[in-house]
Each structure stands twice: as structure tokens, then as C-alpha cells.
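Right after this note come the structures.
Paired with chain B in one complex and with chain C in the other, chain A is shared by the two complexes that follow.
For the complex of A and B:
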């Protein structure tokens, strides 16, 4: 376990240093997110009354689409110089590669949320500065990264990875999407008469189950 | 300790690359695998490293009858393939430190610098690998492969991109490792260099080891002649069969 945690830490350090120097993932994610927020702003022309209804949907959709760009690139760096094979030869347990990638992708999503929330608040003149709202986005990002990292590790080995990733991933994200949007809706007061606990439980169970399943199957995914 | 391939076969679609191939390399041996382009040398190296499973047959290491695919054994292999396994945005030193930490070698910064010096990169500027030449990347790849003090060295075309001095350095390194009872199997077309250090030449042809030529002071001409004879004999047989 100690060796496993050590590998995870070393792999995350490497991913973060690489990203800090190349800024490949964050630049593409942020550019896409900001542009999408602008487009939604002009396309929907929301009145102050229905802004709260639609805010959770817009924020989460922007994060999911922008995150897909990041997921695609997170494994491309390993694939380019054959580094994936170098990692397979070096780590004591292959699941460490998955878990490190999951945490790196989660960090990217959380960072994205930190930037998207103020930009949305300014553009739409609606404050989303709410710790609970941010917490739900973080929980959703965990489930998204858990499923996305596994699917990205499969699709990166194919020629049509840019297309395959969303096609395979988005259906799997249905429970996360519903739970995040509904929970945030309850928090912003746009969804009346619903209990947030049910949605949060769904989100937590999804996160834990997908993470555990992915750790179990990752070795087979890589080797096959 | 012995690395053994027993009756391994591997096909890509309809094309059979390895055909019930058997091979045995003992510790301390330095075996060169020869073969034409597309003969299956890289496939064999990948299969022996455990990165790729054979369709049939097995690869064994030592007397434990343990599959080479086992993760612990894989970590005792120094592997060089066509791609360098290096991160372009890290410096050469950072790449070594990263792999050293993954392998848990316990090497300090001074040891890693010594390692860089061993492959002739001791005085290289601390720039990211993106700015390295092909030869510098290959030198760093060699250092990366030796980092974990491997029992088995599997090098696919290790002379690629190296200058004359680099080829001499590589010969010196593999000789040193072989003298430490390490098992070395490498593929190359650079017969003039490998002839100076190899203990044996195995010729891979039509998916099998078609000949094994011991290096008892063999001359370059004699080696080339014997290699050509094996390959052309295989072609003749194929024509006769057709």
C-alpha cells in the first residue's frame, strides 16, 4: 500500500509539472469553457427570473464538455513518446496509474469550476458563490473523472479517440448529470419540493462504485 | 537464471510473425538478434518483456516457472524500444528522477547525475527533453533503461541515433552489465559494432530462430556471409514450397 501511494504521488507530481510547463490541458479547457459561457449568454438571453432555473445546467454542461478535451489530452501525452509502456514496466501496481490520472483529472475539473463560477456570476449577473454548490460540482467532477479516466485509457489507443471518448462516456454519465443538476437546482432554489439528500446519495454511490470498478478493470484494459 | 521463450506464436490478423519460436538466453550471455525488416524482432522483444502476450506458448524467467508478465519480474527488465519513454517537458535529469522514484531505486541526485555522466550527458544543459537531439534522447533512454539495475536487458535497435562515440559507450555499458551476470538480448543491424561484444548471434527468419552463430572471434565478412546464407536459404525453401 505504501509503495502504491508513493507511485500515485510521483505520477501526480509528473503530470502537474508537465501541465505547468506545457499548459496543454488547462488552456484548451479554459478557452472552451469561457467561449461556451459567452455563447450561452447571448443565445439564451435569460430573464433574471429564469436564470436560477438554468444555471446548474449551463455550468455543468460547460464543465463536462470542456473536461472532455482535458480527458483526451491527459493520456495523449503518455501515448506520444511511448511513456505508457514505460509506466507499465515501472509501477508496482498498474492501478496506481489509473488512480493518479483520476486525481489529476479531478484537480483540473475543480480548477475549472473555480474559474467557471466567477465568470458565470459576472456574465449572467447571478451569484453562484456558495460552498455547497461548489461541493456538489466537486462530487460530480469525481464521478466524471472516475468514468472518464477509464474510458480515455481505452480510447487513447484508437485512431478515432476524439470521437469515441464522448460517445462512450456521455451515456455512462447520465446518473451524474442528473444528480449534479438536480442537487444544484435545489441549492439555488429553482427546484422545489425535492430532497437533495437522495441526489447526493446517488452521486456518492456512483463515485465510489465507478472508482472501485475502474481500479479493478484498469489492468485488463491496459493489457488487452 | 535463464530467460526462455517456449514455442511462442504471435500473429497480427492473418500475418503470423512468430511461429512456435523457442529461445533460451542465460545470465551473462550477450545475444544479438538479427533479422530482416519485418522479421518480428520488435514483436519478440515486446513479448519477452511482458508488454505483449503471445497467442500461444509461454515466456519464463529463471527456475521459478514464473510468467514474465508478472509485475514484479517486469520491474527487473531494462527495456529499450523504438520510442524513448521520455517526457518532453521534463529535463533529462527530471526524467531519470521520475523513473528512479517509480522504481524506488533509492538513488540520490548525485547518483542520477553520475548516471547521466555514464551515458555522456553529464555536461548537457538542463533543458527539457524536447530540445534534445535524437542521439541525446537515445543516450538518456539507455540511462533510463539501466536505472533499476535490471537483471534482464532487452534492447531493440539501441544504436539508433548514436554517433560513433555513443556506439562505443553503449558497447562498454552492455559489456559491463554482462560481466555482472546480467542477461542481455538486443536487436540491431549495426553488425560492425555488435560483433565486438556479442557472445552469440541468433537469426530470426520466418518466425523462428533459423540459426544460432557463436561469436568465436568471427570476422564481419564471415558473419555477414553466414547471415545472408540463412536468410537466402529460407527464401529458396519458400520458393520451392510455392
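For the complex of A and C:
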């Protein structure tokens, strides 16, 4: 267990250092997210009245789309440099690789949320600073990264690569998308005070199930 | 033999649906689409469950037979899910006065269909057969999440889709003839599913065999594909 935790920590550190040195992924994700916010602005003709109602939807969709950029990249370094074999031999258990990638992707998503929320608040003059809202986004990001990391580990080995990731991933994300958007709508007060416990339960159950399932099947994805 | 049985059963269910069941009081003739609609929905979900089980079997046994069956089951299930969606739309047009509405049940069933369309795209994207088999099995397992979600969506969320069994007050009131016809169609479609599954798997296995033989005898074959 100690060796497992150690290798997870080292792997996360490796990915973060790698990202910090180039900053390729985070810059692209952020630029993409801000651009999407602008596209939404003129596509939906956001007037101050209807703006409040769709804020959670827009923020989440922007995060999901920008997140695919990061997911697509999360295994390419290993695949292109042929490091997978080395990685497989280095860890005490293959689930450590999955877990480290999951946490790295989750960190990226949370970091993206930390940047997108203030940008949205400034651009649309509507404060989204709300801890519960941020918490739901983080829970959603967990489910997103859990499913996304597994799918990315497969698509990186296919012929179509980046093309295939959203097609495979988005149908699986339906419960996350529903739960995040519905519960955030209530939290931000655009929908009259409904009970959101059901949605949060769905989100938690999804997160746990997908994480467990992915840990179980991950070895079949990366090992011949 | 099984194919003849399937043909006769579907024919029998069809005749029952036409002549045996009464015309529903408020909905009229269009309600009769319900028997095949629900049977198709049942077979679709059953096929995806079977695909997940075959996927699991492949991962534990590593026998290509299970991979072929997984892919065949998904294809047949997808066919029946599309039949289910289309027949539902035919029913919804006069009853809900629209072809489509963003109801939880309709949304989840369509996303379920997209999950398995993605499954087929994934298979097309992988050339190495064993890798394709591993990925298919994994995706059949994780994609199965969408099936219980679809099944329970009409029961747990607020929806206008009717619940046939176990819906409490919202239960549909089916008279004995209707119930009998429903069960006959369910059985008929299940047998039809088994036939299609086996035939599709046989065809896939033969295709693989043919491709291998062609690859052995003729190296220049690849660019034709």
C-alpha cells in the first residue's frame, strides 16, 4: 500500500512537472474555455434576465469541452515515446497508473474551474462565488475524469485517437451532466428551491461506481 | 430450427396484436404499437446486458468466441433499440402531439443508443484483433451503466412516459388479452434476438476466417479493404 501510494504520488508529480515546463495543455484549455464563453454569448444572446438561469449549464459545458483537450493529451506522452512498458514495469500495481492519471486530470479540471468561475463572474456580471457550487463542479469533475481517463487510455491506442474520445465519452457522462446542471441550477438560485439530495446521490454513486469499475478493468486496457 | 420457431412466434404475436387485443378506449388503434415497442425495448436492454456478460467472459477466458458474441449482441441490441425509439415516435405523434419531447426516458434511451454506436466506432478504430476484443469488452462493461439508467429513468424521475409494471398508481391498466399478447410478443422477440445473435456471430466468425485466409494467400489484399 505504501509503495502504491508512493508511485501514485511520483506519477502525479511527473505529470505536473511535465505540464508546468511546457504549459501546453492548461493554456489551450483556458483559451478554449474563454473562447467558448464568448461563443455562447453571441450564440445565445445572453440577456441579463435569462443569463442567470443558464449559468450552471454554460460553465459546465465549457469545462466538459475544454476538459477533452486535457484528456486527449493525458496518455499521448507515454504512447508516443513508448514509455508505457516502462511505466507498467515500474509500478507495484497497474491501478496506480490509472489513479495517478485520474488525479492529475481532476486537478486540471478543478484548476480550470478556479479560473473559469471568476472569468464568467466578471464577463457576465453575475457572482458565481459559491462554495456549494464549486463543490458540485468538483464532484462532477471527478466523475468526468474517472470515465475520461479510462476512455483516453483506450482511444490513445486506436487509429482515430482524438476523434474518438468525445464520441466514446460523452454518452457515458449523461448522469454527471444531468446531476451537475440540475443541482447547480438550484444552488445558484435560478430554479426554485428543490431538493437536490437525489442529484448529489446520483453524482456520488456514479463517481464511486465508475472509479471502481475503471480500476478493475484498467489492466486489460494497457496490458497486452 | 430456432429461426423457424422465431418466425412462427413473431407471426403469432403479430396476429394476436391485430385480432386478439381490443382497441384501447382513449388512444385507439395506435396503442397496438405498444406490444412490439416494449418487446423491442426489452430485447435492446437484454442484448446490452448479454454483451456485458460476454465481455466479462472474454476478459477472463481470452477466447475470441466471446468477443464475436459481444459485438454481435451489441449490434442486434442497437437494432432493437432503434426500432423501440422509432415505434415510440409513431405512438407519440398522435398521443403527445409531437414526434419527440425531451423527456428523461426518451433522452436516456437515445443516449444509450449513442453509447453503443460509439462501441461500434471503437471497434472500427482498432486494427489489432486482440486489442479490439479487450477494448470492446471494457467498453461493453462500462457502457452498461446507461442501461439501468434508462430502465429506472421512467420510475425515478418526473416523466410523461408510461410505466407498465410496478409504477403504483400510474400503472397502465392492461386487460387479460392485452397482457397475454404482451407476454407472447416478449417471448417472440426474445427468441428472435437469440436467432439474430447466433446468426450474426456466425457471420462475423466466418468473415474473420475469410480475412485470415485471404491475408495468408495474398499479401496485396489489404489495399482493397
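One rule holds for everything that comes next: the second predicted complex is superposed on the first by the 222 of 224 C-alpha atoms of A that agree within 3 Å, B and C clash if a C-alpha of one lies under 4 Å from a C-alpha of the other, contacts with A are read in each partner's own complex, and residues count from 1 in each chain.
Keep in mind that, in the parts below, a residue touches a chain if its C-beta (ideal position, glycine included) is under 8 Å from a C-beta of that chain, and two chains touch if they have at least 3 such contacts.
The shown structure was predicted, so the numbers you read here are calculated from the model rather than taken from an experiment.
**Q** Check whether A:12 is in contact with chain B, with chain C, with both or with neither, and answer first, second, both or neither.
**A** A:12 contacts neither chain B nor chain C.
**Q** For A:26, using the defined touch cut-off, is the partner it touches chain B, chain C, both, or neither? Pick first, second, both or neither.
**A** neither
**Q** Would you sort A:81 into first (chain B), second (chain C), both or neither based on which partner it touches?
**A** first
**Q** Which holds for A:90: it touches chain B only (first), chain C only (second), both, or neither?
**A** Only chain B; A:90 stays clear of chain C.
**Q** In the overlaid three-chain picture, which partner chain does A:220 touch, first (chain B) or second (chain C), both, or neither?
**A** second
**Q** One more residue to check, A:209. First (chain B), second (chain C), both or neither?
**A** Touch status of A:209: second partner only.
**Q** Which chain A residues are contacted by chain C in one complex and by chain B in the other?
**A** none
**Q** In their shared complex, at which residues does chain A touch chain B?
**A** Per the touch definition, chain A meets chain B at residues 3, 6-7, 10-11, 13-14, 17-18, 21-22, 77, 80-83, 85-94, 223.
**Q** For chain C, which residues count as touching chain A in their complex?
**A** 59, 107-108, 111-112, 114-115, 118, 121-122, 125-127, 130-131, 134-135, 137-139, 141-143, 145-146, 149, 156
**Q** Write out the stretch or stretches of chain B touching chain A in their complex.
**A** 49, 51, 53, 69, 71-72, 74-75, 77, 79, 81-90, 94, 98-99, 101-104, 128, 144, 148
**Q** Once bound in the complex, which stretches of chain A touch chain C?
**A** 147, 150, 154-155, 157-160, 164, 167-168, 170-172, 174-175, 198, 206, 209-210, 213-214, 217, 220-221, 224
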